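Worksheet: one structure, shown below.
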């Protein structure tokens, strides 16, 4: 949409929302949130940007095709799922946890990576879908 | 390594799919990755099979949460046999896709989705969790939607709309059933459910829920009167995709039906009767549908339905012998139906059409191909000793021992009508004079194919025909496997013990 | 009367009633824009309901939902507006 | 100005390390503390601007709140009473604000205060179209904004 | 070099002949290899007298046919294919008659059907050939399936699939709950294969095959398979009179029906076809009489018929090959050109007619012997036999004599001399007819002496040409006289053929075809009715089924607990949410604008969120809300290219749909209420509550379930999303060029 | 913090929201409805959130409350702006008593360009 | 509330069903979306309703105690919601494509697939 006001705000909101989405992702294990909602929020940030500034602008910001986030996310999730099979010989999806607490994140473990994978996939698919649709209108 | 083998068939295809997505723009590499992935799939499936065969039912507790707290993956003989066959079909389709699918399709993720679909099928076969089964079903559905529609012509889109709506509906029905099961039992673990369900006091409710599952799976497996999406869509996509669908998709519905109605809701008299009637009608309507069609892919589509009746009928008899027959039939059907659709694809390349009217002269112009094609066609009919014959023996036996002459007669009807239809196809396609067409379609006909292209079309058929022949002449192997499956399915404690890690005193 | 009861028996019902009023506008329309505006306001009121409810139920974590509501609610409004303009353009 | 801000943050971090208490409150405290320190040591005008902005933002916030409540009450009165006293209209408001940020801020502030609604900015950025509930006198309306929000915003931003 | 293929049947013939001595001494050769032991299907072969008789016929006549073909189809481009089919067929026949396992027998049985399908449609470019082949295959295929059913039933009833072992359980075949089915299936199998009325009509059609095929199929092999099976199971059914009575009736009807039909044919092969059916009828009829004499007669007649029928077919083939026509009305005087052939033809015709001293005479004698001493109504049976035989005399003469006698019509043009194979092969067969006729003791020692006791437990009667002047001789005389009379008086013509064609509408073939046609039409109708392309109907059917399931449940098992206290405990927020939900649903359903509907859906999703918030599901609320927003965006992005709603369905439809929808909803609601009264022990939930933090290190239990306890679901779920996204991408971006489709 | 103060703040917020709701129903045209409601509601929510922050008196909650308020202040005017402009554009009618409409005729219906009326060089009209 | 929500679930199903029986593709998708909501509500109900007690372990505790909402159905619904989102977005695009190539929104005119030709 050709609106100065929307353009400006969307540029402000983009980093804000992306930051927020990471926040939601990281805290999911303790409080409502997680990779899925986080991913949605991040996607929404870019979608908003695209609404305001046009698709091409947003793509410039993204640099890579959002579709690529899908296999990357899947790979992260899959690796974190099969990591226990390789590392400790335990079944798929067994949680691996780093013993000590890490500031901000709390306990860090394979579940977190898994959630991050989910995050990327969700961002990737939402953007792919929405961008594709707006391009082919 | 070997203790995780159960999950490998899924991992292999998942990783293959991811790799394929990463090599998004490179169709050439994709072709190799896919074929290698499928071969690894067969190897892994084979290893898992031998493990199950020697050590009994295998299970993996995902996340290392003991059942029923996590998701349990269970590879029993039934599941693992299906996985092996699925991977074989996958290899065949993977090979034909190298040529049947144009590069632009590959750039839109054809192969990746194809492997997701195989992953979905494998997952559905080995999951031991009811909700997980739903999720696997969704993988299957969505990937089949995509395969059905990408690059879609009008008819394909139209077919997809129907396919989509009815399958979506069936998923909703299935999910409704799952919700109700959870509401009644508080559990989703299939092995645990097999113990809880009989204890439920309100068995009327349980029965109703079982029927919801039946309708949900019925749509997927294409039984009367729920099959409508199938003939509307299966003939529309390219041959490779149709072959995959024909061989495997409806079978998942049947698989689920067999699994659920042996493990969770063992068939009672009423359900047996319902299934039997449904089987009879499925045979009848599938058969007559196939009889009146004039397009080879459509005929095969209806024959899929018709032959679903064998499996549902077998299940409805609910004896070990009948289950053996149903399962045997399923194995045969997976291979042969896939082959037939691949053949349909070759015919399309030869004649530029899949309509019977446009065909002819195959036997005179391509005698060796004709011979090759004849094998699956007559195997479908059940011409002994080809594969379709063997399951019928068990099915006939079971119909007799259960005194269900109705079913026996329906089985005969199905066989006869298949025979007539195949003979009709033979006459129009192989025997009759080729139709003289003034204007030929502007596309590359089979005769213009390079050797590599021809090989890509024919090698998969040879592979599958090889399996058919193996099945035909070493039917004993399949029979023994199926008998073990029958035992495992009808005596659920084996499954239960495997899931809950209880050592069995006697092996099967 | 303590705070929780006050919120539960006075504030929440008022907020619900406001919701209902907004909903009435939603139903009445008459234009799509009116409905979109109503939807927007509905969500805003939803944020307050969540806030109040989080005190009533003593679950501060509900605030996160409110946060998400606040962040993305307007996106559907943007979408609808986008639609309205585009449609006009196409006609 | 940006340098000042970064310096401020840096000092706050140093403060956190010095005190050894890693939490938000301590950081905020450190931030305010270093802000004051920086203000004290600032020498030239350019540097000073950083310290004028703080109070101005706060001042603006209060002004905004005041306007918000005031206008809200005015509208509220109109809403709850049976008769409408409004004289609505769309007013063309000539902009002094130039940059994206200025215009957007102004427009949003106008929208946020009840009774007014920024509809759109002309493509040449010269005019903001405002829908207002009470435009008994167009010029007076424009002036009120010119001397109210726009002036304050420009002061902060420029 | 094409005669090379003939080495196969010849060597097989020699091979089987080597068993003759042993077999005649009462030895039985067994060959056993297990195949699918779990199903009781094994390669269990057993060469006894009966089997040997058939193997010799199959390989012997096979040799002749193979040799004959080498000239008959000389230079034919598909000759090799022909030999392959023929060899497969021969192999299948041998397997069939030597199998001792009923299911293995079935396998070979089906193989004969299939290979005959290919043989009949060998002239694949001719529509008539293909049609005949399909009819033959359908009929024999039906029989085949019946045989499978018979085999499985018999196997289940006796506990073995070994035919010889089945004899141990006579009760299965005599009086068992399912003996009726057993008979039904067996007769269906054999009568179709052996072309008994009313299944006979595939056989004349099968004459579309090249003549060597007709020769082979209809004299010694295919059609005899059914006969073989009936004979084979005669001992099993010994105590079951129905077995014999049915055969008697069916055989009787068949032979008479076929015999009369020979009058109206002008095509040599057509005449032969009906006379074959008649002969098959006679054999079945003889078995049906069920005495040792009749069985003996049947065996002898099998041999007799094989020899003369093969011979006549080959004669016909040569005539066709040389003269270019098989129309009897156009053929005459060929002896001048085809003298050796005419000798063969005449001998075969004589044997066919039962003239002494051919073996046909012997056969006829035995038939009358059997009918005269039959268990029931000898007079009737004999009369039937005599009438049939009169026509058989007629038919034999017509084919074997008529073309050679009289004046050579000029229309036939110059006729070349045939290759010697083309007359020599029928000649061999004719000679054999003569030989066996002259030395009936050979027939007796070779066949009946051993087979009759095998099948009936009684000794074979003495076979001789001359029994003195007796009733049988008289009957033979009558037969010959009347047959000759008929031959001289009745001239086949196209007019007669056309005349009969008018009433053929009532013949089994026409009825069957009409039935097939009707079936096809009904199929079409039903298929179009059910699979009519209207998605809504498909959906409707599924929903109606579901509604019925729930409805039945509610009505037969009502357990509804409605308490009013619950209503009272409602607070205002809940009422508002429910009210909004309800109204937004109705709004979405009934609004006339798509966009408004989407907005309504947004409200609906929003109320769902509120419910999730009220009832402790913050994660759900978040997700639902974000997803709803995205869905709205999606809809909006897609919609503005779509047309406005049209009010398409009429009022009746809407009411009907509303009824289905509301009843479904109502029943479902009741069921849910019922389920909510179940209070299962939730071990899993309890476990999660206790261990989410201690074992999985998370405090948001829902999230812990999603990424850990049931993490794999999430893994799959994101795969679903990935697939969907790729799908969307492909669906919108991929437009194949024309040549890529 | 004293519960009474919280009650008052929340009540005030609720009151504004109620007013917004009433306004939405009562106001005669879309623009007036938006004018009245969007902000009243924002104010109301803000007050309620402040009340909540005062109730819990925890840093993490206060920061979140501030975040929400900031988000609202950023997004609420955007909603109003985009929907208002779109509505005007598609011709959602104004109240009959509306006095001035400076916007009339300023939009180019095809390109969505908005004129200010102060353009230095009026562009030559495009020839169709 | 349980009973009312059960009835509401019934209503959602009924509405969804009614919509998918219409002739318009758009309504079809709307129907499926509504049915999806119905299923979610059903699953939610099957876990039993617990007011205001989400399954979040309090900061000072290491396990959930007392009464709390059943997390299992919630997790199931989350998965189901996400999956339906994937399917729905695909479906929405499908109708777009369908309209583009078939030039109609009327399902009843899409009956070529089953023609016997």
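Things to note:
Going by the order they are written in, the chains are A, B, C, D, E, F and G; count residues from 1 in each one.
In the analysis below, contacts are C-beta pairs under 8 Å (C-beta built on N, C-alpha and C of every residue); 3 or more make two chains touch, one makes a residue touch a chain.
This is a predicted model, so every value here is computed, not measured.
Of the two chain pairs considered here, A-B and A-D, the higher C-beta contact count falls to A-B. Among the other chains, E has the CA centre that is most remote from the centre of chain F.
Once the centre of each chain is set as its mean CA position, chain B and chain D turn out to be 66 Å apart. Rounded to whole angstrom, the centroid-to-centroid distance between chain B and chain C, based on C-alpha atoms, equals 48 Å.
Note: centroid distance chain C to chain F, computed from Cα atoms, is 13 Å. Centre-to-centre spacing of chain C and chain D amounts to 26 Å, using the average Cα coordinate of each chain. Multi-chain contact residues of chain D (touching two or more other chains) are listed as 107-108, 118, 120-121, 123, 125. Chain contacts: chain A has residues 1-3, 5-6, 9, 20, 31-33, 36-37, 41, 44, 47, 67, 70-71, 74, 78, 92-93, 95, 125, 129, 132-133, 137 touching two or more partner chains. For chain E, residues that reach two or more other chains under the stated contact definition are 524, 527, 531, 533, 535, 539, 614, 618-619, 622-623, 626-627, 629-630, 633-634, 637-641, 668, 672, 675-676, 682, 684-685, 688, 699-700, 702, 706, 708, 710-714, 717-729, 731-733.
Chains that are in contact with each other form these pairs: A-B, A-C, A-D, A-E, A-F, A-G, B-E, B-G, C-E, C-F, C-G, D-F, E-G.
Interface residues of chain C facing chain A in the complex, by the touch rule stated above, are 61, 64-65, 67-68, 71-72, 75, 78-79, 81-82, 85-86. Note for the complex: chain A touches chain F at residues 1-3, 5-6, 9, 12-13, 16, 20. The residues of chain F lying in touch with chain C in their complex are 3, 6-7, 10-11, 13-14, 17-18, 20-22, 24-25, 30, 33-34, 37-38, 41-42, 44-45, 48-49, 51-52, 55-56, 58, 61, 64-65, 67-68, 71-72, 75-76, 78-79, 82-83, 85-87, 89-90, 92, 109-110, 112. Those residues of chain G whose C-beta lies close enough to touch chain C in the complex are 51-54, 56. In the complex of the two chains, the chain E residues touching chain A come out as 618-619, 622-623, 626-627, 629-630, 633-634, 637-638, 640-641, 696-700, 702-704, 706-708, 711-712, 714-715, 718-719, 721-722, 724-726, 728-729, 732-733.
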